[in-house]
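Beneath this line is the structure, given in structure tokens, with notes to follow.
As written, the chain order gives the labels A, B and C, with residue 1 at the start of each chain.
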């Protein structure tokens, strides 16, 4: 029994491979040298600015023109800048907090939505994804006006709410996609075996959607750490986040310190990306 | 059939648990997404008071004000910039997406990764790199001078071209991905068939490949056109104050101009334009599906 | 009140207004019985099962288990367990954790759970599979684990929703025997769902034939097969020919199974017909006949017969005791 099944699997895998090969062998679909060079040039231009930032962050000279020698002085200066460090801490707190809040709301919401057939369901889903579709600037100004009307003090609280608004959709969408592929009878089986709906959720559904919650949260965290446009409307006069700091600094001019800061943020992003792809890999393994 | 059955009315306790799960999302979304948006619409019909105060007297003045030449000009400028940027993005991005789809499977994967990576990098950082390159005493001028191509340094920073470069840079991936996804599905044997039937290379491209990737191109255009009207910080960082976009105007009215109702009216108009674009996008992508079936 | 072991009283259920999936069904089941709900897809058999399990609430009517009304109890509050059609094994738990899940919820001690899991695995002949994940099991093995998991809770009733549907024919036959053996050994009431009449006949004490949310007939396999009460049962269970009674000098509608129709190539006895097609498969010759009023019937017999050719005139007859009147002369159901 097992054997025949395995063979079937192998055969279909072979067939798929063969199919791919056949498809790839169409004569019209061979890349010419010109096309490859074109792709190369555009990729070069895409990465050039990023490379320039990294390279000059380690440069001794203040002018970002000529490489004069390796130095870490800009990093030292950066870490000595207390305002910058404060902004970094703010951003981290904000990122983690908004990510956690939206993970809870978004995950529960996605699971709940998958179970109901209310008439308002479509509308709710649409409105909760809306923050991703309207221009950031409008979301920012709208929240600013609304918070002002509510008399909320501008600061960490308003930032937290604002970031949660645009973080929820990422988690909602990731979890929703995962739930679509999940067998509804799994949770029913748990209830059939004696679990309450609550217990069935924690024992069965939650562990199975956890990878989606994790990757959604990571996305949300990255977006929170990246946001300028919305934050700048609702941060209030005293509180600054890292991206806002970068933004105001860039507007005033180029300093090597910013190069260093950008490089650190880049490294940070790469780390998040690696973790993200790791989660995706684990997810596939689960399936 | 079974799926439907299993999702239907269940016991009361189970339903209560489900309601408990959705409630936070419902409440949060209604209070902090729906209410603010409705508030914005209401605000756009209110009369501006002293120092970002609002008087709740109904007026259409805010919308009328948009028609004043100064502000109308902002819309026109935003549109012009969006059109220019989209044009360049199309010219660069379409061939890129198309060529990328022709790469072998492994190459495609690598190219995709290279393309997606910058998405994750803070767009400010990426733009900042361009400042280093484009500024007066920057890398570009340095290199050009070394090569004796120019005598005086070029003034690209804080100019219209700089903004366009920034826009292209930030939005190009959207176009590429859109074209790529439709070119990827292209049945290349159709192109071969056209050649076999006597079409020249160019003719085969125009009559088969281009037609079939057109939906991807169109959705790419919409995907780049919408944001290019609102990315005020690109104009801000790279353009100085040379070009005022709708986005910059809204920000200005909110923070310095203190005319919130006017800002709200601008936002409402922008929302309407965006919604129209999204509807158009839906139509185009639907058309794409239909074509995929055919 | 109910004095049966399990009783369904006038269950009604609709998912879209006006369209009833269950149109008021009544059923009494005794302790230790193996009852099969037989019907084509969409007949309401899965819904019936889900209502018994508590996964679905009926619009009206009630479910009684051992004299208690359990209609409004949660699935976790009923001594009823289900073997799901697609097994529904928890993919993130190994075999032992799957089987022990119900016991863990009941706060049974770890040692006792381990003992019970071992016992259950022996019962379904999967000793030593404790640490496997569901993904590492074959279809038949998953099936056994799903049964073991449902039985580990010592349910009063075991519900099985087409549990063998995804298996190939050979394995299915083997599992049918095994399930029957299990049921006899444990003495638990089994309610089994299938659309396969052979499966129903092989395993059940009683069969309930369902059609469009109604029970067509309830009876032993023998009654259902040999004495169908309606033309639906006759065709669905016995692949019988349905013809107007007047054609053969009887009242109402008559059902005759193909193997009971005897062919006479010499046209001496019985009624005349024309051979339309013939087909030989699995040791059986099947002949499609067209009667004088245009009705088509099938006759089958073992062995090949080269003499019968399409287009030829032929006579057919049957033994009266093999014909069943399913509807009376007025067309009403008996």
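Please note the rule applied: a contact is a pair of C-beta atoms (placed from the backbone, for glycine too) under 8 Å apart; a residue touches a chain by one contact, two chains touch by 3 or more.
All of these numbers come straight from a predicted model, not from anything done at the bench.
Comparing mean CA positions across the assembly, the chain most remote from chain A is C. With A-C and A-B as the two chain pairs, more C-beta contacts join A-B.
Centroid to centroid, with C-alpha atoms defining each point, chain B and chain C lie 58 Å apart.
Taking each chain's centre as the mean of its C-alpha atoms, chain A lies 51 Å from chain C. Spacing of chain A relative to chain B, judged by their CA centroids, is 18 angstrom. For chain A, the set of residues that touch two or more other chains comprises 185, 188, 191, 196-197. Shown for chain C are the residues that touch two or more other chains, namely 54-55, 74-75, 85. Multi-chain contact residues of chain B (touching two or more other chains) are listed as 6, 8, 13-14.
Listing the residues of chain B that touch chain A in their complex gives 3, 6-8, 13-14, 17-22, 24-26, 28-30, 32-37, 39-40, 43, 52, 92, 95-96, 99-100, 102-105, 107, 111, 114-115, 117-118, 120-133, 135, 137-139, 142, 169, 172, 188-189, 191-192, 195, 204, 226-227, 229-230, 232-233, 236-237, 247, 250-251, 254-255, 260, 263-264, 267, 270-271, 274, 278.
Considering their complex, residues 1-2, 5, 183, 185-186, 188-197, 199, 203-204, 207-208, 286 of chain A touch chain C. Across the interface of their complex, chain B is touched by residues 20, 23-24, 26-31, 35-36, 38-39, 42-43, 46-53, 56, 63-66, 104-106, 108-109, 111-113, 115-117, 124, 127-128, 130-131, 133-138, 141-146, 148-149, 161, 164-165, 168, 172, 184-185, 188, 191, 196-198, 201, 222, 225-226, 228-229, 232-233, 243, 246-247, 250-251, 254, 258-259, 262, 265-266, 269, 272-273 of chain A. Listing the residues of chain C that touch chain A in their complex gives 53-55, 74-76, 80-82, 84-86, 88-92, 101-102, 105-106, 138-140, 149-150, 153, 171.
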